[in-house]
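Same chain, two partners: subunit A is paired with subunit B first, then with subunit C.
For the complex of A and B:
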């Protein structure tokens, strides 16, 4: 048996280029990990964490579970292309190994049919079975490809309204990829027309081809050459195109399992892995309220990453990063779990650096310390001062539960610092955080309860306080379970709005629902939990004008009013204020509903 | 420390022949909603930072609009970007964008 032909050269060149550039790129990124990230890797590298990483890489890189959960057809498309091709390669290698027990060049698995002309029955005992399996796998991949072509024409049935606008290089690479499998089919058919060495599908097609008189070694050779060129082109372009995500995602999953996280202050090696693990699938586009309600379609995660990756003109990068509500919807939707909003903050921090000077906060010293030993600390948050109903309700609940409390920002509030942080003013935010930390730690309070999800997330994620932090819905839920307060069940019908920072931000979905279930009839809405719509007034954005914010809010209101509730409940003062400003519908905080129904 | 919600402002006058309104005009370009401001002072009344001090956001943006830029940058650094002013403004002025853009203009840095 022959095992070399000139036409394998394009393929081999492509593979070598792919290997060379990938190793170079990954090496450069790994060297860029910052000190903390390096320390985490060094600490965990010999742990068992590679086991869950392997499982996750298999599940997400090949089976695409998260995508399938969004839309099974879309999942099938990605899975058949990824897993199907993977199996073609693996089974191809086994097949070549059995046919050439004494070793074979690495391209043998790819061009097997060309080189092994003998009747399958004569090669090795199970060869006919292998031929059939390979045909079935090729069919599997081709079905995914057909769906991909169909999606290009009409993406709705695959669960996507808008798809990504790709760069020219990505389009060329995709074209090369799309050519690979039909060319393989054609080449194998051409070979089987002459030598009758195909499986159930190829042989049937080959007989057809021979039937119309094409059984020509010259034609066969051209087909295999084109197939090799398509493969070579794809592999050579891969490190510079979106398809770099295929390998990068595996690394990202591994580093993430080791405990490495992105850091908004600088572009680290991990950032590079995240930037390149994005498959440009475009799943982050449809859910974004700025796309949905305002038809602005160039700021979503995929374009943010694109602009950072391509070192776009700074101004473009900044305007993309600034025009976002930080509602985290895209973060929840992204099947690769890329920390998109850390990336946005990264650009914002760069941009604000010249004006991120120290604050003019001399007034912080006028806030007096308080001895709160034996009490809980209650932090209403700036926004709660605009919704006094919420803070009054909380005070009534504390009293009903017999809980001593310290309302730390009753008359002089210091912002938690998250709004500044989200805009990229780190220095100023740190001054506020330092003061709040000092006040809380020195007070001796046993826990911190806050009514504002923005503050809640900040205290929880960004402060590292020595005492536990609760949102008031968690706290009320605890009081109810512990039997420290009792509630009447009213017959009011309530629709609950999940605030971005509380739901997607901190994963608090069940506590408010349990409370509302205990006091009223809780209704389901179409878009809830992870799919909840932003109220439009999220402080993450300074670019949208009020009219645009109102449109986003109205869409959220419409979703909430659809099941025809008597009242809309939420658990965030900013959402509440945003909704009440529409002056259309009664809106109450969960705390207010609880306070009204207390049985004393 | 400012105990009351109000204090008496110094008399001010703007000589429009000499005032340099360049930055003020640029501000209106960058934050068009500021054209809607009626100077009601709702922003100042709600302001978290203003509770402690004589930081007065309405006065700052009014002065800015009249070309009196001196000392404003330092004063703007008292703002915590908490967004209360935004939610109370009856005219829908994007006050937080206003604050960030004033700071950008006063420091001659690029717009977003």
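For the complex of A and C:
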């Protein structure tokens, strides 16, 4: 029995290229991990954390669980291609191993049918069973491929309104991938036409082919050659195309499970893994409010990552990175859980570096320290100064609860720094954070409460304060549970708007809803919780003009007004301002609703 | 010929009196229980400080005419064209296909009020007017949240009562006026100038100074548009004779102080410095917006223009004509206008109705 033919060379070359480039790339990325990331990896590498990583890699890399939750047909498509092909390879290897207990070249599993014709002669006892399984698996993959072709023509039934526009290289690679499975079917059929081997499908097709008179070794050889070329091309192009995600996602899941996070200030090794773990599936496009309301379809997360990975000229990267509301909707939608906005900020930081160091901080020292021992610190935030109704209500709630407080930015306020950080001004933001930290720590306050989700996220994620930080909805919820304030139930119908930074940013969905349930009738809206729509006036974006922001806001308002509420409630001063600017529809902060219904 | 006028404000009444003087029968529809709602509580009129009451009385007297019928508490919600035979024409088709001069089917206007009553008229004049901007929408200015923050409408009422209520509480040491609240404002979506607030602030500042000579009066402005006869002189007089101080800059936020006063944060753009100031009273010079009636009529007849105001054919020579035959518009339902202009415009509209 022969186990080599000249046509396996393209395949082998492809595999070698893939291995070589992958190892090279991964090695370079791992070397780029910064000190903190290295320390975390070194600390956790010998822990049990690889077990959940294996489970997640299996669930997401092969079964595509999160995509299936979004749309089962889309999930089936990805699953059949990934899991089906994976099984095809695994079962193929097992089959070859059983057939050649004395060892065999590694391509044997791939080209088994060409070399082994003696199914009926019982190479090993279960050979026909294996052949049937392989046929079934090939059918499974082909069904996914058919769906993929269908999706290219009409993506709506698969839950996608818009799909990604790919680069030419990606298209070539995809074409190679799409050729692999039909060519495999064709080659095996051609072999079967001559030798009558294969499972239920191949034998049936082979007999058909023989029936129309094609039982030609030359034809068979050409088919297998094409199959090998398709495989080789795909593998050779894989490290440079979007299909690099196949292996990278596994590494990413592993590192994430170890506790590694992205460096907020600059590209690190982890960033490279995130960049390459993006499969450019385009799921982030549909949810994006800039796509939905403004029809701008070239700035979504997938294009940002594509642009960074392809080393597009800086101007283009910046134009993509700057035009984003940072509402985190794409981050919530991403099936690979890539933190897209961190990478967006990397580009912004790079762009702002020349002007980042300028700034006048002399006013910082005019803010007087305060002895707040035994009090809670209350930070309204700049935006709350523009919605005095909220801060006023919070002061009334503090009084009703008998809580001593220090309103730290009542008179002179220092920004929390997050708006600057969102725009890429890290040095300037650091100065503000330094002063605020100093004020809070020196005051001796027991906890920090803020009315603004932007400040809240900043204090929570970027400050490392020694005292707990609460958003006012969390705090009011705590007061209610502890019985320190009592509320009467009004008969008003309320629709709640989830602010981006509070909901998707910090995961606070239930606290405001519990509060509103206690004081009024809370209505359900169509897009809520992680699907909540951005109010359009998010501080993350400085490129949209007011007219465009208004369009996004009106869409969010429409969604909120749809269940016909008496009042719209929100927990963010920026959202509140956005909505009150629109028209005369009552919009109130959760704190205001609570203050109105206090029983003193 | 039956004439109908929607809205019994200064423009509506003036137009009615002109039509009546020409022997025409006029019906005035007013949704409030009394006429002249917007000027009834004004104190004085610029630029000559004539008492507003005199104007109200004069206009009221013009209503005492047997040819004029006034229907109060009647809110016209729908306006449509019906053929005299009784069939209702589809409105959009009518406007598109029929040239204004050749009117094939004799038809008239059908006015439907909120209670469902219908009225018929040959010619209709819309004088549904304006409504003041709701200052609650600019929450950063603290209106409705802190004490001591009022709109110019409320200030006018206070001046009418000689600042009586203000005086019993505590004579104010300082009063601040802020121009352009809800007009020329990108954020609230009103890009237009409301035209009368500049001179109203100057007028009110002078009146405050007349009543309380020792009170500091500040006016924060973007630019002062003294467009009318005598306005510029009034502006000059306010500074030279009365010592009103003008600051070029916007107030960014207002908040209450512990003793019930108002603290404002602003920028003096001539000095190039941010500033803080504590005042007893902050007066927001609210702009004009299309009233709800104006929006309703505009939508029901498809003559809605920018910002909900009514669109006329040509601002120069056909400013009272709308795109529909026999439907006219006058006064502040078209754009912000002073009282003087509004009344003149109403006369022009009445003549246009008589002409055609």
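Assume the second predicted complex is superposed on the first by the 596 of 600 C-alpha atoms of A that agree within 3 Å, B and C clash if a C-alpha of one lies under 4 Å from a C-alpha of the other, contacts with A are read in each partner's own complex, and residues count from 1 in each chain.
Here is the rule we go by: a contact is a pair of C-beta atoms (placed from the backbone, for glycine too) under 8 Å apart; a residue touches a chain by one contact, two chains touch by 3 or more.
Since this is a predicted model, take the numbers as computed values, not measurements.
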Combined model on subunit A where subunit B meets subunit C, clash or fit: clash
Touching partner for A:546 - first (subunit B), second (subunit C), both, neither: both
Touching partner for A:584 - first (subunit B), second (subunit C), both, neither: second
Contacts of A:388 with subunit B and subunit C, given as first, second, both or neither: second
Partner chain in contact with A:415 - subunit B first, subunit C second, else both or neither: first
Touched partner set for A:499, first subunit B, second subunit C, both or neither: neither
Subunit B or subunit C, by number of subunit A residues touched: B
Partner chain(s) touched by A:428 [first = subunit B, second = subunit C, both, neither]: first
Partner chain(s) touched by A:335 [first = subunit B, second = subunit C, both, neither]: neither
Interface residues of subunit A shared between complexes with subunit B and subunit C: 385-386, 546, 577, 581
Touching residues on subunit A, where the partner in the complex is subunit C: 385-389, 392, 546, 550, 576-577, 580-582, 584
Touching residues on subunit A, where the partner in the complex is subunit B: 314-315, 318-319, 322, 351, 354-355, 357-363, 366-367, 382-383, 385-386, 411-415, 417, 419-420, 423, 425, 428, 432, 537, 539, 542-547, 574, 577-578, 581
Footprint of subunit A on subunit B - complex, ascending: 1, 32-33, 46, 48-49, 51-53, 55, 74-78, 80-84, 86-88, 92-94, 96-97, 100, 103-104, 107, 109-110, 112
Complex contacts: residues of subunit C adjacent to subunit A: 134, 136-137, 139-140, 142, 145-146, 186-189, 253-256
